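Alright, structures below, take your time with them.
Shared between the two complexes below is chain A, which has chain B as its partner in the first and chain C in the second.
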Partner chain A sequence: MAVLDDGAWQAIRLTLELASLTTVLLLIIATPLAWWLSQTRSKWRAPIGALVTLPLVLPPTVLGFYLLVLMGPQGPLGQLTLALGWGTLSFTFTGLLIGSIVFSLPFAVQPIQHAFEAIGPRPLEAAATLRASPLDAFFTVALPLARPGLLTASILSFAHTVGEFGVVLMIGGNIPGQTRVVSTQIYGHVEAMEYAQAHWLAGGMVAFSFVILLSLSLLRRSGGGFMR
Partner chain B sequence: MKPHASAPAVSILFAGLFLCAPLHAADLSVAVAANFTAPMQKIAEVFEKDTGHKLVLSFGSTGKFYAQIKNGAPFEVLFAADDETPARLEREGDGVAGTRFTYAIGKLVLWSKQAGLVDDQGEVLRKGRFERIALADPRLAPYGAAAMQTLNKLGLADSLASKFVQGENIGQTYQFVATQNAPLGFVALSQVYADGRVTEGSAWIVPGELYEPIRQDVLVLAKGKDNAAAAALMDYMKGDTARDIIRSYGYAL
Partner chain C sequence: MSAEMEAGADMNRVRLALARSEFAVDVDLDLPARGITVLFGASGSGKTTVLRCVAGLERASEGFVRIGGEVWQDDANGVFLPTWRRSLGYVFQESSLFEHLDARRNLEYGLRRARMPGGREALEEAIELLGIRALLARRPAQLSGGERQRVAIARALATRPRLLLLDEPLASLDLPRRREIMPWLERLRDQLAVPMLYVTHSVDELSRLADQVVVLEQGRTLAVGPVGEVLAQGDLPVLAGEDAAAVIEGVVGERDAHWHLARVRLDGEDGIFVRDGGQAVGARVRMRVLARDVSLALEEPQRSSIQNRLHGIVEAVMEDVHPSQALVRIRCGGQALISRLTCKSVEELRIRPGLPVWALVKSAAVIA
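And now, the complex of A and B:
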């Protein structure tokens, strides 16, 4: 009995690809952003912090709709990509990647920011007295100390991207191998009343998410919180 | 005022009031396919004025309604986007036998927001000078299935397949074209039609012989069996007032 058909495997592969790339890119974007938010006394700290958190509270339909409008030929992003000769990003893997990064941004920034804040000024001051440059101190002191936060951020970004649905539905266009991920595949099965196929994928999703959250909580316990 | 009104008379009066109340002001919970949103709102308005019953409308996809009805949703009437789902519900004992009929026949249109992009013969499909074409998922939406039948009849389904972007329902498909993320797409005529013409952009109303008629059926569900408002609504849908409204949105009947 073939439990999962080719379409399902293709969707699983695409989902894992999307989640991995999103996680890597988010770590690159979120780490400096979280560092800045944790250190700055700028008046921009609060508004930028709020902006970063926005995707956490906005319904995916709002994000998806605005992304669709932004990426469209009339939208600023669409006009930019058209001028660069890339075409529009909606209904492409790249477009989905951008959507996922926006969607999961708070899940990456917040754990890293908390980890940086938990370090406190002491270790960095000590590094400075040892004549470490700020950049040096960041890479040799702050980043290693914030490792549990980075780990939490990675796991949450990955899991949250796997669970992403509304945004994908709205900017994806359901193209096999390009934008048809597991969550939209399940949705299609349910809507088409193919409940058996839906159950296998949906059950797998529940098991996957449980394992992720379980490992996160075990990791936290063994790590002894953010400060070791 | 009569001080000696007898007790039995008063109780009969009250009993009458209570009996009449559900007849005159019954609430009816109605599930409506998304493509029929605008006409249904208009029909509800005049229906409520004419009969005193009140309609509580929920709009969504027929497939989702099916799953919800099978799992105990409190809907009393279903206006589906197809004829299969109501037939299936009736067969499975979730509907009232004999109440099902076709309330509208949907028409398919190839539409672009851009003026002049779609010609009135649909030649634009053969030229293929576009990057994407939107249609509803043929598995999920009758308008998507109709679009696929059209492309198959024209012999273009394979050559255009790589340009497909699919909306999960016809509302989302419309959104893709309306925001111009897709330059053109197959949508429901009712979405772009008012007062006897296509309201903006360019369009090709697909000839009926290219696809199976999109019959949209209505069914009284088991929960609406004893609700007088359900029977009243079924009668009303067959009347001229409702039919004129339905036609004005580009449906056939």
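And now, the complex of A and C:
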């Protein structure tokens, strides 16, 4: 018997696809959100900030439950997708993607927000005195200076998505090639008492997570340097 | 010069009013078309706030700012240009270079955006003026504090601003770095046709760099005028505790190689000898004369070790910090000196405004 069977490889491929897509979409969503949170003096800052952080403390089952209700045929999102002729999103890859984005949102927003806050107002003021419009200054000064934070956010989002289980089980189920990722695959193996298969996948996850954390700490030590 | 100053006064006007918890700013300034106007005051006097309001980085509640004939802010008519639409250069107290760009790309950042005709030439001129050509390939982290500030000044000049704002540009530097950068600032003052507004609380920088001085205290204008006049007022509380001194200007008339002295002619025929610092004959120099180095005599002394004597008229007698002493302001031609005397001398010589006297200057230091 091969070390990893076809099902395992399929699960790994799906996991990597899900994590990559989640990371890309999260960067696009989290960067403006983090920028707003770092700059605003609005009274909405605290409540929005808390809302973004919520997935960090909620049990994944709670999150998954609400997402399931939201995306189901009776939920507002489900009704919308049904009206558009897309069917419901629960138990699909797209549904899983939405769940992953919500679940990992704080892991993307917080490092970026901290990076923006660490820049302080001075470089942006300097950019304004050099004729850069606010949007121009954001892209040419704030984003490059926040690069270490963006990198940390990408790695954390990716790793966190690879490691999710509860949300996947709640809204994705366990459909091979559709929503069966590595963590649910391992769960399946254990349920079926296939410990050898479970060992290989679980060991792989441990190694993967270790490498991620190691590279993060090395990245921090080099200060995410500006030396290219 | 005076015609130019009047034209400038019409072009550059700053009127600001705003309330902060610590102070309320209320100023009304006319800036000459060129030269350095120093905003001088203790910390908390509102001078940096004034500068930030002129730049639009902070918003005055009531403001009118017109620079180079262009209105940047006019609250009476609802005009407020954001900072990035104002043609200004700003040098911050601490380094504000972009850490992710090397010096050259820092310099080009503003140049590209301002797109002023002649911007490239202005940048080349600034690189020369500030002596930073050898530093262009370096990152800010590889530059010393003084080098960083020189690059920051050049970066501001590359946009060909109508106004250059400098917020204590030397305050974050140690003394040797300050001495290193001061001559570059003097070159800017003498060679650029751009008005500069310079914030400092250092009497040294004020004496060397200022053409015009605005003394601020708790957001209000305490005194305005040419540097020589303001320093010779002698009764400004912000200057109390400092060594009272006047600043006078003259032109190097001749150099005496034998005695290592240079004779500096003041506006009239009068002149004084100073240590020869190597300045060329004909060069304009600025000297600082401490009040304690000036004595007064009612008749011209014939045989005295003090050879620098200037004829003048007493203009004012003021209280000094200690009750035993007085500060006397003497007008010598177009310039003013101050002398520290004991009150006893003032009484016995009957020194009073209008009295002709001889000011004996024991020493004068060329500062620029």
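The definition used in the following text is that the second predicted complex is superposed on the first by the 222 of 228 C-alpha atoms of A that agree within 3 Å, B and C clash if a C-alpha of one lies under 4 Å from a C-alpha of the other, contacts with A are read in each partner's own complex, and residues count from 1 in each chain.
The definition used in the following text is that a residue touches a chain if its C-beta (ideal position, glycine included) is under 8 Å from a C-beta of that chain, and two chains touch if they have at least 3 such contacts.
These figures come from a predicted structure and were not determined experimentally.
Chemist: When the two structures are overlaid on chain A, which partner does A:82 contact: first (chain B), second (chain C), both, or neither?
Modeler: Once the two structures are laid over each other on A, A:82 reaches no partner at all.
Chemist: Pick one for A:187: touches chain B only (first), chain C only (second), both, or neither.
Modeler: first
Chemist: Where does A:74 make contact in the superposed view: on chain B (first), on chain C (second), on both, or on neither?
Modeler: In the superposed model, A:74 contacts chain B only, not chain C.
Chemist: A:118 contacts which: chain B (first), chain C (second), both, neither?
Modeler: neither
Chemist: Tell me which partner A:25 touches in the superposition: chain B (first), chain C (second), both or neither.
Modeler: neither
Chemist: Tell me which partner A:133 touches in the superposition: chain B (first), chain C (second), both or neither.
Modeler: In the superposition, A:133 touches chain C alone.
Chemist: Pick out the shared contact residues on chain A: the ones touching chain B in one complex and chain C in the other.
Modeler: On chain A, no residue contacts both chain B in one structure and chain C in the other.
Chemist: Using the touch rule from the top, collect the residues of chain B that touch chain A in their complex.
Modeler: Residue list for chain B touching chain A: 61, 63-64, 66-67, 131-132, 134, 137, 139-140, 164-168, 172, 175-176, 179-182.
Chemist: Quick check: in the complex, which residue numbers of chain A touch chain C?
Modeler: Against chain C, the touching part of chain A is residues 122-123, 125-134, 136-137, 140-141, 144-145, 147, 226-227.
Chemist: Which bits of chain A are touching chain B when the two form their complex?
Modeler: Answer in residue numbers: 65, 68-69, 71-74, 87-88, 90-91, 169-171, 173-175, 184, 187-188, 190-193.
Chemist: Show which residues of chain C lie in contact with chain A when the two form their complex.
Modeler: For chain C paired with chain A, touching residues are 55, 57, 82-85, 88-90, 92, 94, 96-100, 109-110, 113-114, 139, 141, 155-156, 159.
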